[in-house]
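Structures follow.
Below, subunit A partners subunit B and then partners subunit C, in two separate complexes.
Now for the complex of A and B:
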């Protein structure tokens, strides 16, 4: 018997209202249609599937940033959407997110130090401004950036450096769980490898749990423990990386795998 | 050997910046034969897009300018063309797909208008035939409901759909050369596959040549015939795709390939390339990759390596494409100055 999963997603449904024409009836778009999965503490769960299949929407609901139409998310066995006030804030701290575009997620007018200490202040981490700044410098060290970066602005960094700053910011509030939504899709392979090494290192050192949303099956093969394949709001197949890659059961999964350009396949 | 369709010779594209002259493209030479696909790869900022834009004479002016070189297309140097002559070449003989699709579509015109305009400008006239062909093109790039799409505006489309419209426009006049700068990055793998297959079909049917810029080594391996690896404004390695993947010669190419994640690498740290691409205003003086190179030795920091031909290791050599590399490891004399070391790629601390 396994331990209580850190994240448990039960029958999540998300419907968005859509307005077709001015006089037509109100309709809904079912973006997520009954999704369930568990993520064990310290593991990486990958969500793959075509664009528009509902991956980001699932991620946002798991983070309590978007209310589900139906269904629930449990964090360490406790439903998250039922929590209020202080309890909810405490949970927000546990769950962080890193998006694809670090330009969009870092405030251009905030220095790196401000970006890294903002969350600490909200969650009352660090006794003084000085202590928070020291912690920020330590976070930068963890993501392989020099402390001088503290007083600079996001535009002064390369894409990979910005993504590492975004990761440092997610770590600043000591989360247990991070949703990574296409975190390396905008990066060069050379920089991607730095970010992936960092994420793996952090997982080992801090026991972090990841929900990894990506199109890139090479990255899934490298990072994930379990994979769920989404199609039109539903999970059509789920399993370990080896199960899904070596023995896909669904036609859709097979099509997805076959469509991924592969160096090995091409040179055979 | 087939006469190349495109022959770029010692191309130099510079920018005047407050920090000095940025040598974005700094002596690039390559050629593409009809029907051939050449992939241009390398890290962000190494000059891939500027090379493509220079061929088309679309370098952002006045900061940027072509400082030297030749771009022979069907034997004629495009750099001698007037703006008007160049405009006729673009979109007719040379199709192009840019990195940012939104900026290349006009927000105030319908998709249909823009697509048919692109076809009409280049002499095919406008009529029921144009419309039929527009619908056919949109269908071929995998867009559903093409009739309806003709009446829609760019903002009503998703990024992936806009990209597919751009691809349809680039292919509208059956160009002899397609320049595609990251054509499928915004697309799903399944759509991407469809587009790459379409491009391949056009190559088979019309002998279209392709200059493909991509970060995706999987795409390079699957679709390109030859590969030019760029670093810091120069080509550092050139080879057939097969040779390059079987035996990458330049330490940069080797590191680039080795940093690719895969299931085989699970549980191990991936190889990374220390540091970042330097600024184009301050390329390192000798070998531009030396400061980041795991194999460097003093010669690399003192003598600029020249591009030299290399014997191809490929046993089933199909084309006459030669191999070349810009690295002292392959220099008959300078290589001897290298202190004894195992010739393996090491992970940097």
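Now for the complex of A and C:
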């Protein structure tokens, strides 16, 4: 049938300890409760749910930024959480992330050039500082920002521009897979569609694979191939975009669909 | 904008990030006065040899012996009981006070920032351990420790070299003055490590030590500068206290605390001997405290008008 999925998530569980009184028993809150899914190379998999449904926690575990309580994540068939040292670093280059808040996702004390070349230095991309800078300028061009942006600081940019810089930073280490954690939720509607178009364009040009995390089902229709709906740490419904949109099985999904403001008209 | 193709988003005009800070500081009258005072003091400390009419240890024994003397044309503020020029000692005292407090703050801030960063970024057990240690140090009687340490070192009497006494002074204050900084930095680091740019740095493979240096440290410099300024005020006072007890800088060095100590026997007959160094001390401590407050206001974007 199909080849090995690029990302394979198997029975992922994350429990957080909850502190109660001194003498009560230790309790845990289950944030992610047995989540499994596969993402095929070059496709976009959307994880949809309300805030608190555990979707961001899944994203962090897939990126190996948070250790899972149980379960595993495979990258191209290999488990990621057992890796240490150099192997782990090599994986960092393969998987990148773009976060929701463009105001919090860039270090205010680093210029754009510094932010874009930091990853290159770590992964030994580019032979000299000059070559890395040229690459950074090229990355900016890819996200439609002028090269003059290189020596500016983040506060000099609008939210949409910052998100482009964050995308350029993710691309700076030439990853194959990117977790998009609500990449447009903090942006104006008009800017949202620009950023989404850019992400789709980049996916086509570079053959990227996306895990798209959002609470907004409407953008999912535009971006995703497959959708999984999360509620309280579990996947309650999954399918292709058409299946979910045309024939939602769960009451929860229907409520999410009903809550969607219509951006889609602007996008199509 | 030259060189940008039509499809690209235009950038805003460049903004100088520090200009807003200076504008806010300029509107703060008290802060400006304090900044001028502190700058002048630093200049005096640097140029004490040039500015002071006499050496701090020079005794004008011909006319002034064994008793303090009032001002005259040669000694603008008079002389002390050993015939030393009061103005010269006051100026040299600025050098001692500032040097001691700056060296000590360098030691204590380094310790506090390092421990605070590690505690805040690591969290968990490391945080717990380091913060309990900080609590213990907070409860620790700093001055008693300094007194004890210098008393031990000084038990060698006059044979103890001056540099060793200074070293003791730096160490005894520096090793106990860091808990405030550690707590402040820990709190800042705790908040910063949750920020998405730190997660993004981890995701791209930046090592923890580099995250602390490149991503956390530069983002908490503001509060650190405020804390350092106020720490300096406290340390100037601490040095004066020790010197007043005869345990600070060794004679014949001039320090404001030491001058007050030496002026005590003549408090009634020659009160100005005590007033000058006391005034210098009070003004300086006040200036650093006000400056700290003003910097806090100027650096805090929420208080912007």
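Keep in mind that, in the parts below, the second predicted complex is superposed on the first by the 259 of 268 C-alpha atoms of A that agree within 3 Å, B and C clash if a C-alpha of one lies under 4 Å from a C-alpha of the other, contacts with A are read in each partner's own complex, and residues count from 1 in each chain.
FYI, a contact is a pair of C-beta atoms (placed from the backbone, for glycine too) under 8 Å apart; a residue touches a chain by one contact, two chains touch by 3 or more.
Because the structure is a prediction, the values reported are computed rather than measured.
Peer 1: So if we stack both complexes on subunit A, do subunit B and subunit C clash, or do they fit?
Peer 2: fit
Peer 1: After superposition on the shared chain, which partner residues are touched by A:147: those of subunit B (first), subunit C (second), both, or neither?
Peer 2: A:147 contacts subunit C only, not subunit B.
Peer 1: Once chain A of both complexes is superposed, is A:169 in touch with subunit B (first), subunit C (second), both, or neither?
Peer 2: second
Peer 1: Is A:160 in contact with subunit B, with subunit C, with both, or with neither (first, second, both, neither)?
Peer 2: both
Peer 1: Go through the superposed model and pick first if A:57 touches only subunit B, second if only subunit C, both, or neither.
Peer 2: Neither: A:57 stays clear of subunit B and subunit C.
Peer 1: Once both structures sit on chain A, report the angle subunit B, subunit A, subunit C from C-alpha centres, rounded to the nearest 10 degrees.
Peer 2: One gets 80 degrees for this angle.
Peer 1: After lining up the shared chain so the two structures overlap, which partner does A:209 touch, if you call subunit B first and subunit C second: first, second, both or neither?
Peer 2: In the superposed model, A:209 contacts neither subunit B nor subunit C.
Peer 1: So, does A:44 touch the first partner subunit B, the second partner subunit C, both, or neither?
Peer 2: Neither: A:44 stays clear of subunit B and subunit C.
Peer 1: Rounded to whole Å, what minimum CA distance do you find between subunit B and subunit C in the overlaid structures?
Peer 2: The answer is 5 Å, the least C-alpha separation in the overlay.
Peer 1: Based on the A-chain superposition described above, do subunit B and subunit C contact any of the same residues on subunit A, and if so which?
Peer 2: Touching subunit B in the first complex and subunit C in the second, residues 158, 160-161 of subunit A appear in both lists.
Peer 1: Taking the touch rule as given, give the residues of subunit B at its contact with subunit A in the complex, in rising order.
Peer 2: 43-44, 158, 160, 187-190, 192-193, 196, 215-223, 241-242, 245-246, 255-256, 259-263, 265-266, 269-273, 276
Peer 1: Where on subunit C does subunit A make contact in their complex?
Peer 2: By the definition above, subunit C touches subunit A via 1, 3-4, 7-12, 14-15, 17, 195-197, 199-206, 214-215, 218-219.
Peer 1: Inside the complex, what are the residues of subunit A that reach subunit C?
Peer 2: 60, 63, 65, 89, 92-93, 95-97, 99-101, 104-110, 118-119, 122-123, 144-149, 152-153, 155-158, 160-161, 164, 166, 169-170, 172-173
Peer 1: How about subunit A: which of its residues touch subunit B in the complex?
Peer 2: That would be residues 50-52, 158-161, 188-194, 196-197, 200, 215, 217-219, 221-223, 241, 245, 255-256, 258-263, 265-267 of subunit A.
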